[in-house]
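Here it is, the structure in full.
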Amino acid sequence: MLPSYVQRKTGFLGAGEDYEQARAVLVGLPMDYTVSLRPGTRFGPQQIRYISYGLELYSPYQDRSLAELSYYDAGDVFLPFGNVTESLRRIEEAAETLFAAGKFPLFLGGEHLVTLPLVKACVNHYADLVVFHFDAHTDLREVFEGEELSHATVLRKVAKLLPPRSLYQFGIRSGVKEEFEYAARETHLYLEEIFPALHQAVQEVQGRPVYITLDIDVVDPAFAPGTGTPEPGGCTAREIMEAIFTMKDLQVVGMDLVEVAPAYDPSERTTILAAKLVREALLAFVK
Amino acid sequence: MLPSYVQRKTGFLGAGEDYEQARAVLVGLPMDYTVSLRPGTRFGPQQIRYISYGLELYSPYQDRSLAELSYYDAGDVFLPFGNVTESLRRIEEAAETLFAAGKFPLFLGGEHLVTLPLVKACVNHYADLVVFHFDAHTDLREVFEGEELSHATVLRKVAKLLPPRSLYQFGIRSGVKEEFEYAARETHLYLEEIFPALHQAVQEVQGRPVYITLDIDVVDPAFAPGTGTPEPGGCTAREIMEAIFTMKDLQVVGMDLVEVAPAYDPSERTTILAAKLVREALLAFVK
Amino acid sequence: MLPSYVQRKTGFLGAGEDYEQARAVLVGLPMDYTVSLRPGTRFGPQQIRYISYGLELYSPYQDRSLAELSYYDAGDVFLPFGNVTESLRRIEEAAETLFAAGKFPLFLGGEHLVTLPLVKACVNHYADLVVFHFDAHTDLREVFEGEELSHATVLRKVAKLLPPRSLYQFGIRSGVKEEFEYAARETHLYLEEIFPALHQAVQEVQGRPVYITLDIDVVDPAFAPGTGTPEPGGCTAREIMEAIFTMKDLQVVGMDLVEVAPAYDPSERTTILAAKLVREALLAFVK
Amino acid sequence: MLPSYVQRKTGFLGAGEDYEQARAVLVGLPMDYTVSLRPGTRFGPQQIRYISYGLELYSPYQDRSLAELSYYDAGDVFLPFGNVTESLRRIEEAAETLFAAGKFPLFLGGEHLVTLPLVKACVNHYADLVVFHFDAHTDLREVFEGEELSHATVLRKVAKLLPPRSLYQFGIRSGVKEEFEYAARETHLYLEEIFPALHQAVQEVQGRPVYITLDIDVVDPAFAPGTGTPEPGGCTAREIMEAIFTMKDLQVVGMDLVEVAPAYDPSERTTILAAKLVREALLAFVK
Amino acid sequence: MLPSYVQRKTGFLGAGEDYEQARAVLVGLPMDYTVSLRPGTRFGPQQIRYISYGLELYSPYQDRSLAELSYYDAGDVFLPFGNVTESLRRIEEAAETLFAAGKFPLFLGGEHLVTLPLVKACVNHYADLVVFHFDAHTDLREVFEGEELSHATVLRKVAKLLPPRSLYQFGIRSGVKEEFEYAARETHLYLEEIFPALHQAVQEVQGRPVYITLDIDVVDPAFAPGTGTPEPGGCTAREIMEAIFTMKDLQVVGMDLVEVAPAYDPSERTTILAAKLVREALLAFVK
Amino acid sequence: MLPSYVQRKTGFLGAGEDYEQARAVLVGLPMDYTVSLRPGTRFGPQQIRYISYGLELYSPYQDRSLAELSYYDAGDVFLPFGNVTESLRRIEEAAETLFAAGKFPLFLGGEHLVTLPLVKACVNHYADLVVFHFDAHTDLREVFEGEELSHATVLRKVAKLLPPRSLYQFGIRSGVKEEFEYAARETHLYLEEIFPALHQAVQEVQGRPVYITLDIDVVDPAFAPGTGTPEPGGCTAREIMEAIFTMKDLQVVGMDLVEVAPAYDPSERTTILAAKLVREALLAFVK
C-alpha cells in the first residue's frame, strides 16, 4: 500500500466523502453558451475547487470551521455543449434531487441562466420563496437578441416563479430602461450600493425561505476581474463578505455563485474570493 | 470638414467600400457555443481585422498586392447567442447570398461548426465540390456528447453533402478510433504531415471546384497558441503558408478560417498569422 | 444584397453616421512618443471603441440613453510616428475644426501631451476658459529631461494659455517639489482626494466655459491598471464617475480622456471603465 | 571616455554609492522555499528596484525627498537555494552587521520566514523591542506541515524573542483557530481593519524601539495582486501608506517588506506600490 | 441519488479507481525548493491532470487507447515545504512501494531533484539499470551554490548509482565546462539533437531495464514555454513524441516527467504537451 | 563590512568593472518612439541584462566561456523621450567614442532606427564596411508616413553610407514592392531562408570589416514573440544561433541586437534568446 502522505484531492476544501450524511452539497454547472460578451465561466467550478486549498478551513470572521460541517462535493453536471434546453433540464433535475433530499445545495456557475432551473426546483419545495439577487446587471429582459432563454432574461423568469415582488436585487448598475421600469413595478431593486438596503430587506423577509443568487460581477472588477461582463462601480470584497454575514440568521435554503471566468483572472484573486465566499456561505447558512 | 488625416478604419486591411463591384467578400462568424474546451473564438473575426493593419498590402511571396484586388468586408453575422439552429440558418443564408452573387467568400470563425452551413450553400452552387480540410482534429463523429450538431461532428456532415470521398483532410493528429476508421472508408485523411500529401491531392482534384476549411489548430501551438483546442505536433507557420501557395492554381471557390481565440494569444501572433493567411489566400485564390 | 443581420461596427457604441448633424464628435489621438515609462497608449482609442459594445446605451445613474443623443465617431487622427511637432499640429487643426463647427469634442488619448494643442484650439473659442484636470501627476514641469514638449510639462503650458489661476487639479499625488511650489502660486491643486474639493471648484467656476482633461491614472491602479505610469493611492471607479456627475451642470465645452494603455490591462477593466466614462460624459455634458 | 549620458543604474531609486556614510541600507532577501502556495517572491527585490525608477524622489505626502537622505543599496544576500538553515544564518549575519553599524536596515523579501533572523539580530541590539506586524495571516503556528521553520510559524517564533506581549498584528484575516487563541493570550491582534487600532498602539509603545514587518498581502489583492497567498478583504493602497505616516514619530529601528511576487503582477502595480512604500518608509523613519 | 451525469473528475484522463489491479500508477511530486531560477513546478502535476481532459483516450500515432489500459492516479506526495531531506525520503519511500509492487510508475514533477530518490528506488529493483535523460541541461555538477542536493547536481548523483556509463543524455545544450568534461568520461552525452543518437542508444541497451527522466525543457521554449529554466535551441513537440515512440520496444520500467511550471504557460500548451506525453508514454511502455 | 555574499548585480552576466581594459563594451539604447506598431522595446536592454543571470558563462556550442573574455557593460544611453534628433546624436557620439577607442561595441535596442547612427560611426572607422542585416522586414523605404527618420527607412539610409551593394539582408519576408525593387538593384536581399545564402555571403566578404544588425523579429514569433512587429514565417532559435557561428571567422567590428519588447513576452523566452545571442556573439566575435 502507498504511504499515507500520497494523497488525492477531490472537491472543494474540506468536503467529505459521504453524500448521504452530508447536510450541504456542492455542484458545479459549467455552462456558458448564452453569454453575449466573454465566455469561459465553464472553467469556474473546477478552478474554485482547486484554489480553495489555499484557504484555511477556519473563518476568523465567524469563529467557525468547515471541519465542524458535513458537506459533499458532487462534482459537475455533465452538459451537452451548445444544447441549452437539455442542459437546463439536467440542472433542474439535479437541483430537484437535492432539494427533495433536504440538502442545502450550493451551485457554482457557469453563466447566470442556470439560476432559472435552480429556482424552479427550489420553489417547488419552498412555495413562499424569496430570492436575493446580487449582480451588476438587472437580467430582467423579456427577450434578449431574439432569445427568451438567456443570461440577460433569467431574473425576469425567476421573478415570475415567485410570489409577487419577492425578488430583491442588490448592487445593480447596468440594464436597459425597460428593465428598470419593470423592476420599479415588480421587484425590489437597489442601485449600486448593497447597504443599507440589505439590512432592511433582511427585516422584511424574516420567516420566509430565501434563495441567494450571487453573480460575482456585483463586486467591482478591481476585486473580481475574472468575469464575463465586468462593470466598474461595484462593491469591495469586504462588502460582499459583509453581505453574507448580514444574511446569516435568515432561513437560507439554497444558493448559487455564478459568472467566475478564470481566463480573465491572471492573479487568481477572483477565484480566491469566490472560494472564500463559498466557505463563508457554508459556515453562515448550514446549521 | 475634418482634415483628411482624421480617418476611420473599417474592416480588414485594404478592403474597399463597394460590395457590388467586389470580387471577394469577407464575413465574420462569431459563434462559439458548441465547443467543448476553451470558448472565445467569437472575438476572432474582430481581432483579425484589427491586427491586419500591422501587415503590408504587398506579399513578397506572391509578388502581388491587395491593392490590385477588389474585395469588401461585410462585417459579422449578428447571431443569437446560444441558439445553434437559428445561428446556422443565418450563416447559411449569408453564404447562399454570396455564392449566388458569384462572389469569392472568405469566412472568419468562430468555431468549426460554421463550416456545415457554408458548405451546404457552396455545394448548392458547385455540385462536384471537393473540400480541403486542414485541422488537428478529424471532426468526424456521428454524435458528440449526445449532440449531432457540434464542432466535433461537422466534417462528417460535410462529407455527406459531397460526392463520394471528396473530403481531403490534412494535418490530422487527434480523434477517436471510430473517426479514423470512418476516414479510412469515406475520406482522404493524412496523419500529421501536410506534405507531400497535399501535392498529390492537388493533382487528383484538378478541374473540380474546391472549398477550403482551415482550422488554425492545424498549426502547432508554438506558432498558433490562440485557439480553443491546441494540439501539439502541428505544422509550422511557414508550412501552412506554403500550403496556400500549393493550392494556388486550383479552382478555389470559397474558404473559411476558423477557431482563432484571442484570449489565449497574449503575444497576438495567432491573429497576425491568421491575418497573413487571409492576405495570402485572397492573393492566391481571387483572380 | 446581404441579409440585414450582417453588420459592420464602426466607432463607439451608438455613434451615428452623420457628422454634420452630430452635436458631439469623438476623435482618437494615438500618440505616445514622449512618455517616459510604459508606452502603448496609442492602442487606447481603438480598444475603448471595441470594448464599448459590451456596455448598454442607457445609464441608470443619469436615467438617460445614448440613443437620445446625436454624436459621431470620426476615427483617429493619423499621425507620423515620432514626429512630435507635426503630430501636435494635426491634432490642433482637428480640434480647431471641431470647436469652430460648434461641436462638443471628446478626444481619446494617447498620451497627455495631446491636451496642449486641444486646449490651444479650445481657448481660441472660449477666452475665459477654465481647465479641470484629473490626474495622479502634476505634469507641471518647465522642462523634462531636456524637452519642453512632454507629457510631464503639458499642464504648465496649458496653465499659461488660460486666464490666471484657471487650472484646477484633482487627485494629484506625484510630482517634483518645484511643481507643487508652482501649483501653490499658479493653479488650484488638490492632493489625493477629489472630494470635497471638486464641489467647491464647481461653485467657483459657475458661468465660465470648462474644458476637462482626465488622465485615467487619477484612478487607483486597482481599478485602472492599464496605464503608462500607474501611481497607487488614487480614487475608485465610483468616485471618478461621481466626479462626472458633479460637473453635470457646468458649461463643459470639450473633454479629453488620456493615457489608457491596453497592453497592461489583461482583464480589460481599464478600457471598460474608460468606455463607461465616455458614455457618462456624453450623457452629462452634451445637452 | 564615454559621454556622461551613458549611465548604469544600480540599486533602488536615489541610492548613493557610499556604504560607510549611509544612514540607511537596503538589502534584498530572495528566499522563497518554505512557502506553501505560490512561490516566486525571490524576484521581488530586483523588480522593486527596477520599477522604482518610475517614481519621483520627492513625496508630496511628506514634503520630503530621497535626495535629502543618505542611503545605500547593498544588493541581495546570495542564498543557497533549498538550504533553509544556511540561508537564515546568512540573513541573520547580514542583519547583525547592519544593526551593529548603527544603520537603519530596510529588507526586501522574499518570503516571510526571513523576519525571524532579522528580528533575532535586531533584538540583540534593542532589548525592549516591539514588533509591528502588518499581514493578512497570523503566521503564529507552532509547527506547519511538520516543520518548525516556515512562513506560517515565523511570527510565533518572533513573539518569543520579544518582551511579553510586544507583538502587534494589524490587518489579520486568516489563520487557524489555535493561532487566534494564542494571539488572544500572547500578542495584540486586530482583525481586518488597521485603523483605529494602529493609532492606539502607537500611543502604547511610545519610547520603545519598534521593528516593522510588512507583508504586502495585508493589502487587498485588488491593490496588490502580486503575492504568494492573496487573501481578499484587505486594506487599500491609501490605508497602508497612511499606516506608514501614522508611525512616523515612533523610534523605528528597522523594517522589512516581504512577499512581493512579480509573476502574479502583470500590471506591475504591486511592485510599484512596494517601491512607493519603500520611499515613504525611508522618508518617514530615517531621520 | 444524484443523476449519473453529475460527475467527479479525479486524476488523469482515463485513470481507474483500483490501485491493486492497476498495471501503471501516476504520482505527482510537487517539490520545487532547490531551483535557482523560476520556481512554480509544484503546480505541474495538478495542471497536467486537469488539462488532460482536453485530450482523447485514443492515440492515432500508436493506434491504441488508454481505455485498453489499467492505470491508477494516486494523487500527489504531500511534502513539507522547504524540508529537502524529508521530502526526498517520502518520495523514495513512495517509489520503493511502487517498484516493490511491480507497478510501472510514472512520476510528474516538480523539480528535477526528485529523480534522485526515484532512481535510488528503481535501481534497488533493477540492478543493471540504464537511465535515458532528456534535458536542456547537463545537471551534472558536483555541488551547486554550496549544496550537494540540487536540481543541478541530480544527474551526477544518479550516474553514480548506476553501472558504469549507463546514463544517456539527449538534447543537452547548457552546463559548465566541468560538466561536459565529466560527461565525456562518465556518461553518453549528445549535444542539441536527439536524433540519430537515440536510435543508436536504443540498440546499445537492448535487454537492459531502462528508466526515463524527461525534463520538459529539452523541448524548445517555443513549444514548451512553461518551465523553470527555458533554454532556446531545443527540439520540437513532434520530435519529443517521436522519441517516445522510438523507445517503445525497450524494457522501460519507470519514468518521470519534470519541470512543468504552469505560471509561465498562459496558452497552456506546455501542460497540454506534457499530458500528451503522459498518454503516449503509458501507451508505449505499459504492455 | 557586509558579508561577501551580499552582492550587487550590475550589467550583463559576467561583465567586468574595468572599461579601459575591456575589449568589448555593451551599451543599451532604450529608444522606441518612431515605431508604427507595438512600442515597448525601451525595456529591452534592462530585461536582457536581468535575464542573462539565468544563463551559464560557458557555451557548449563554442566550447568557450565569457570568463575568458574582458568586457564591460556601460549601461544605457540616457535619451530625451520623443526627441528623435537629439537621441540619434547621442547614440552616434557614444558609438563614435567606442569605435575610436578600438572597442568591439555590442548595442542592445531599442528600435531599429538606432542602427543608423551606429553604422555612421562605424563606417567612419571602417571605410570598406559591409553590413549583415537579419530582419523580417526590408526597412528600405525612402520615407515612411511622411518621415525620413523611421524604423522603416533605416536600412536604406544605412545602405547609402556604405560602398555599393554592401548591404546583405537575410530572413526578409515583409515590405512594400518598391523596397524589393530597390533591394534588387542596390542590396543583396534573401527572402525567408537565411541558409544557404549566408554561407555564400560569408565567402564574398572575406577580408572586409563587417557590422551585424540583428532585428529579433527575423526569428519566428513562435521562438521570439516579444517584439514590436512580429511576422510569422521566420527562422528558429537554432538557426539564428547557427547564423552567429557561421560568421565566426569574419572580421566583425560591431553589432546591434534590436526590437526586443518584453511586454509581449510573458514566458520571457525572447529575452532569454536575446541574452543567449549576446553571449554567443561575444564568444564568436571578440577574439
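A few remarks follow.
As written, the chains take the letters A, B, C, D, E and F, and residue 1 is the first residue of each chain.
In this text, contacts are C-beta pairs under 8 Å (C-beta built on N, C-alpha and C of every residue); 3 or more make two chains touch, one makes a residue touch a chain.
This one's a predicted model, so the numbers in the text were calculated from it and none came from an experiment.
As for how the two copies chain E and chain F face one another, under half of their interface residue numbers coincide. It takes 180 degrees of rotation, in steps of 5, to superpose the Cα atoms of chain D onto those of chain E. Chain A and chain B have centres, each the mean of its CA atoms, that are 38 Å apart. One simple way to say how far apart two chains are is to compare their mean CA positions; for chain B and chain D this gives 55 Å. Per-chain Cα centroids separate chain B from chain E by 38 Å.
Residue positions 78, 220, 222-223, 264, 266 of chain F are each in touch with at least two other chains.
Pairs of chains in mutual contact: A-B, A-C, A-D, A-E, B-C, B-E, B-F, C-D, C-F, D-E, D-F, E-F. On the chain D side of its complex with chain C, the touching residues are 54-58, 60-61, 63, 65, 220, 222-223, 236-238, 241, 266-269, 272-273, 276.
Chain contact summary for the complex, chain D toward chain E: residues 32-36, 38-40, 42, 78, 80-84, 86, 145-147, 149-150, 263-264.
Contact residues on chain D toward chain A in their complex (touch as defined above): 37, 172-177, 180, 191-192, 220-223, 225-226, 229-233, 264-266. Chain contact summary for the complex, chain E toward chain A: residues 1-3, 5-11, 19, 27, 46, 50, 73-79, 90, 93-94, 97-98, 266.
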